[in-house]
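Report on the following structure.
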Amino acid sequence: MRLHEYQAKEVFADAGIPTPAAELAASVDDAVAAAEAIGYPVAVKAQVHVGGRGKAGGIELAESESEVREVADDILGMDLKGYTVERVLVEEAVDFVNELYVGVTMDRGEGKPVAMVSTRGGVNIEEVAEEDPEAIAREHIDPAFGMHPYQARRAVYEAGVDRDIANSVARVLQTLYQVWEDRDGSDAEINPLMVTADDEIVAADAVLNVDDDALFRQPEMAEYDEEGEFSEDELERKADEYGFDYVRLSGNVGIIGNGAGLVMTTLDLVDYYGGEPANFLDVGGGAKAERISNALDMVFSDENVDAVVFNIFGGITRGDEVARGINEALEQFDEIPKPVVVRLAGTNAEEGMEILNADLVTVEQTLEDAVQRAVGYAEEVDQ
Amino acid sequence: MSVLVDEETRVVVQGITGGEGKFHTEQMMEYGTNVVAGAVPGKGGQEVAGVPVYDTVEQAAREEDADASVVFVPPAFAGDALFEALDAPLDLVVAITEGIPTQDMARVNRQLRETDTYLVGPNCPGLITPGEAKLGILPGNIFSSGNVGLVSRSGTLTYQVVDNLTKRDLGQTTAIGIGGDPIIGTGFVDALELFEADPDTHAVVMCGEIGGEDEEEAARYIAEYMDTPVAGFIAGRTAPPGKRMGHAGAIVSGSGTGTAESKIKALENAGVPVGDTPEQVADHVEDLL
Amino acid sequence: MRLHEYQAKEVFADAGIPTPAAELAASVDDAVAAAEAIGYPVAVKAQVHVGGRGKAGGIELAESESEVREVADDILGMDLKGYTVERVLVEEAVDFVNELYVGVTMDRGEGKPVAMVSTRGGVNIEEVAEEDPEAIAREHIDPAFGMHPYQARRAVYEAGVDRDIANSVARVLQTLYQVWEDRDGSDAEINPLMVTADDEIVAADAVLNVDDDALFRQPEMAEYDEEGEFSEDELERKADEYGFDYVRLSGNVGIIGNGAGLVMTTLDLVDYYGGEPANFLDVGGGAKAERISNALDMVFSDENVDAVVFNIFGGITRGDEVARGINEALEQFDEIPKPVVVRLAGTNAEEGMEILNADLVTVEQTLEDAVQRAVGYAEEVDQ
Amino acid sequence: MSVLVDEETRVVVQGITGGEGKFHTEQMMEYGTNVVAGAVPGKGGQEVAGVPVYDTVEQAAREEDADASVVFVPPAFAGDALFEALDAPLDLVVAITEGIPTQDMARVNRQLRETDTYLVGPNCPGLITPGEAKLGILPGNIFSSGNVGLVSRSGTLTYQVVDNLTKRDLGQTTAIGIGGDPIIGTGFVDALELFEADPDTHAVVMCGEIGGEDEEEAARYIAEYMDTPVAGFIAGRTAPPGKRMGHAGAIVSGSGTGTAESKIKALENAGVPVGDTPEQVADHVEDLL
């Protein structure tokens, strides 16, 4: 779960990290009022979950009331990489002499948190990591002890941060780690951490992503999620409601399966046999009739989809239950919206095959045959 | 022979009184697994599926001489259950639970490195030595006994690959589902080490997927240390960057690491034939034996 | 630093451990008012830093206003093992069916915290530990991770606590550990933890001792210290003010030295040569003139003292500075109150010997000689 | 020969810019100790007593090839300084600081067990190999080179005993003040092991005091493993129960453990002659050599 900039800044500020004066605004008038209260110049920043907002025109400076009115009007309602901007953060524009980067994330390979500092802040840090890995100082954290203060200092000195501000930056990094740990963060980042002419440091942007699996013990973060996105992809929002792992793609073969690895493999096979996957949809383990019906609804609702492959290998999931779910879902239609190819294997697969209504779906015995048949159907429709 | 589990393995089920715990205990016992106890705080003295339940894992291990556990404890309490299992101590802990917070697993992982226990999972289907014992939720009927070791990050994909093997009479020594989470106990390299040391395992199938660098690391291990031949499969060739493909661990990073391409290349460079389809994996295994 | 029962209960209650309704009272009228508010029966408990208050008559039950008046009058102002009772805690008397013990302390041998549970609460736990060590379940805690919930449960089950209340007791133990860790405790204890007929559990007594070395980061605990003892031994209070490590004993040879081991050794030698030490007084490392003067003041103020041995082995401490301090301190007196034997060794010892005013003190070259001389003086005075 | 330190030992002083740090750096260098650097956050680039100061211990260790540190950092920050030293990593860390919170030391001690570093202290005078190097605050002039190893929980008591030895020409290989805190790094047993392995140490003096069970443990070690003879001294025979005698660790428990009597008995049972006075300790050493 990803917090908006304004939410992450609230959390960071509460923990003691300096952030610029700022107010959230949902209308041009509110934006102007906020800017008047804060004083000029201000930055007007789109609050949407996309990276590179600045380059895409989602962040603008304004020196006066008329400028605020103009840029707020531009940004509010704009489409930013598929997301409609419904709110902006109006923020004191900080006069900086330097931009740093500080971040904390989980290093999967090591199975440990890692804290990072760089003097090359204000730019895409992943690019820095590729071009010049030495420009980022890294400290691995022992998850039993948490971050020791000397580790924050060492990372800061190692990164080459000026000695005058080193202690303040180390304190920010230490606090950022604590927030990351306390809030079950997956990533926490300040980029840029601005340094002013009189050696003040200010978090000019803020990222805090929270581990979805830990939201049960992070009620405050879960509340932030409620304030979340207004204009996600409609299908992805539906998947959230249904509780599916779902990723929308650009092809025309809809894919439903059980288990992440098997669904990915089904996508790969669609591609291997010359088709294009329209989505990743995992119904999970032990899916019952309603889930099956919801999954079909998802894929049918995607207008890109021309044919569907339904691939189940039952372990906990039972083939007979899946078959009943498919029948129920399809029997509601006078005409089946898109051709559906079904392949059942594993637990109660034979029973399932018998139950399936062969008037409504095409049944195949192997994964390879099922995928090829669905790709064939999709090509036919496409022509 | 086999690795990690056989018919002698004495199993305690953590969370045996829950719905899933009870169901799979019965399934495991039906398959022949030697389940000797359950452990659930506050439920000591009860009986489930004919085995005694204890309040703590230590009691269960002590009273019933258990050396392994299977964990069906809900995610909020699973981290603690794993620490308890490590401390009992047990030789093998299999964590089925999906959705354990990552930071909990980082702490468990830290402790794990100070023990001699094998932790399989979490978020995994478990492992099986066909005809002897299964610890977890795998459907026993698709497996058959033989000389192929299997290690996989995915559950149902494992079933698919095993199905292809079994249909060609390519039976298995042991099949291990190591789980799809970002932080897991036993990884590819640990499993490959075990198979390499097992004289009855004549070939190994390794099913990887996008995300992380474990497959690349495994490829280096295979090139350097393994005599037993390995065939590979990598799921997620068509996964777009930055999207989580079901498994919390299955994500190609924005900067392009963790791709299927890089993993396939690493394996092929290590002399591992990688199948484009599960069927092709079975072809490769036939060639290797 | 040791908290009073009422203070420890405040801390425990804040952390979520159930405690009985209670009020502090410094007068009989206040005690009665408190009892009326709480309801009868109540326990009236002396708030002084001594163990075994119950047996010594410092805790009494009262069933009515007149009884409260009577026992409060008895207890307030009473002398309990050398401490005058100035305040009592008036507390709801809990109707219990069982008494447990839970505690957390540092196991020096293991260098780790240890949590303990016993079903034999309500009695002196050290006696239980000696008579029947098996009656106390112990869990060592990894200080990197803190206490895992399973450890609290395991200790509780291991101790044989009834399954009906096991989870509540485990929660109390977990909380007690957290308080101990968060507050830099040296010992935290609830004895008895009472179990009522309807399986409620209540902390009927509370001990929390805080690591003196950690008070700098425990401002709230330090504040409790201010409310602390009213009637400690006057000399021990003086030692606190001066910042000396001081222990008062019953003999007549006053002892001043630098370094704990050397001072203990000096005490032992006084005993070995037939004398009786009056105190342990360590001036610490690098003592300057004022400290020396304060130390002499301490020992002279002890009316039991008949002679003083001043034993310094200089490392950081310089013999010449010590000598000057002794001279200054003694030159104030028209008549030296008690004979002082001085032995200086180590850093600048020769200079020190020369500086010492031989009219005011007796100088000896070795530790053994100095002790024997002081013991001799004390015997002379004593006769 | 010697244990732990000699003239080759390359020392970084943590907290070198403080009053005590600076003073004792000069004293150590005057004695001949090879102090190569200081480490103080924010003071990198300065020079103290002619040696360069670095912001981190790791930098100091890397740039100046240091393998040991002496810690004069104030108690509130000392725990962190010790973690930093262990992580540099260094072979030897000597913590002079008095008054480090006990829970901080429990955490340091936990980490220590995962490293190969020797931590001496805290709350100790340090250690000295006469004529070669001292790391700490001991007055160099009372020590002399010879064949007696010394290990002690107390500072000034060490000086007293050494003085008695030196005056009889009983020089020392190395003298180690292990410190008087409840939780310390190197204990009696560690030090005795080092002396037992040192061919030049022909006898060892062990000065204990009341509190804890380290002396009893040392007695068991001596009885079982040591060929080198040991003489003992125990301070605190007259200490009353329940009172802290200066050292945080020097306390006889209410239930009567940690007494001088028990320690003396344990040592004597292990064949260790225990002196009633420091002078008698020197007598015993003469007898043992």
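Order of writing sets the chain letters: A, B, C and D. Residues in each chain are counted from 1.
Throughout what follows, a contact is a pair of C-beta atoms (placed from the backbone, for glycine too) under 8 Å apart; a residue touches a chain by one contact, two chains touch by 3 or more.
This one's a predicted model, so the numbers in the text were calculated from it and none came from an experiment.
With centres defined as mean CA coordinates, chain C is found 57 Å away from chain A.
Chain C and chain D have CA centres that are 28 Å apart. Annotation for chain A: residues 142, 144-145 touch two or more other chains. Multi-chain contact residues of chain D (touching two or more other chains): 107, 111.
Chain contact topology: the protein chains form a pattern that is neither a line, a ring, a star nor a complete graph.
Under the touch rule stated earlier, the contacting chain pairs are A-B, A-C, A-D, B-C, C-D.
Those residues of chain D whose C-beta lies close enough to touch chain C in the complex are 75-76, 99-107, 109-111, 125, 137-139, 141-142, 152-160, 163, 180, 182-183, 207, 209-214, 217, 233, 235-240, 243-250, 253-255, 260, 276-279. The touching residues of chain A, when paired with chain B in their complex, are 51, 106, 108-109, 111-113, 126-127, 129-130, 142-144, 181, 184, 186, 211, 213-214, 216-217, 245, 247, 249, 257-265, 267-272, 277, 280, 282, 285, 313-316, 345-347, 366-368. Note for the complex: chain B touches chain C at residues 41-42, 44-45, 55-59, 77, 80-81, 83-84, 87, 107, 111.
Those residues of chain C whose C-beta lies close enough to touch chain B in the complex are 145, 148-151, 153-154, 157-158, 163, 166-167. Those residues of chain C that touch chain A in the shared complex are 142, 144-145.
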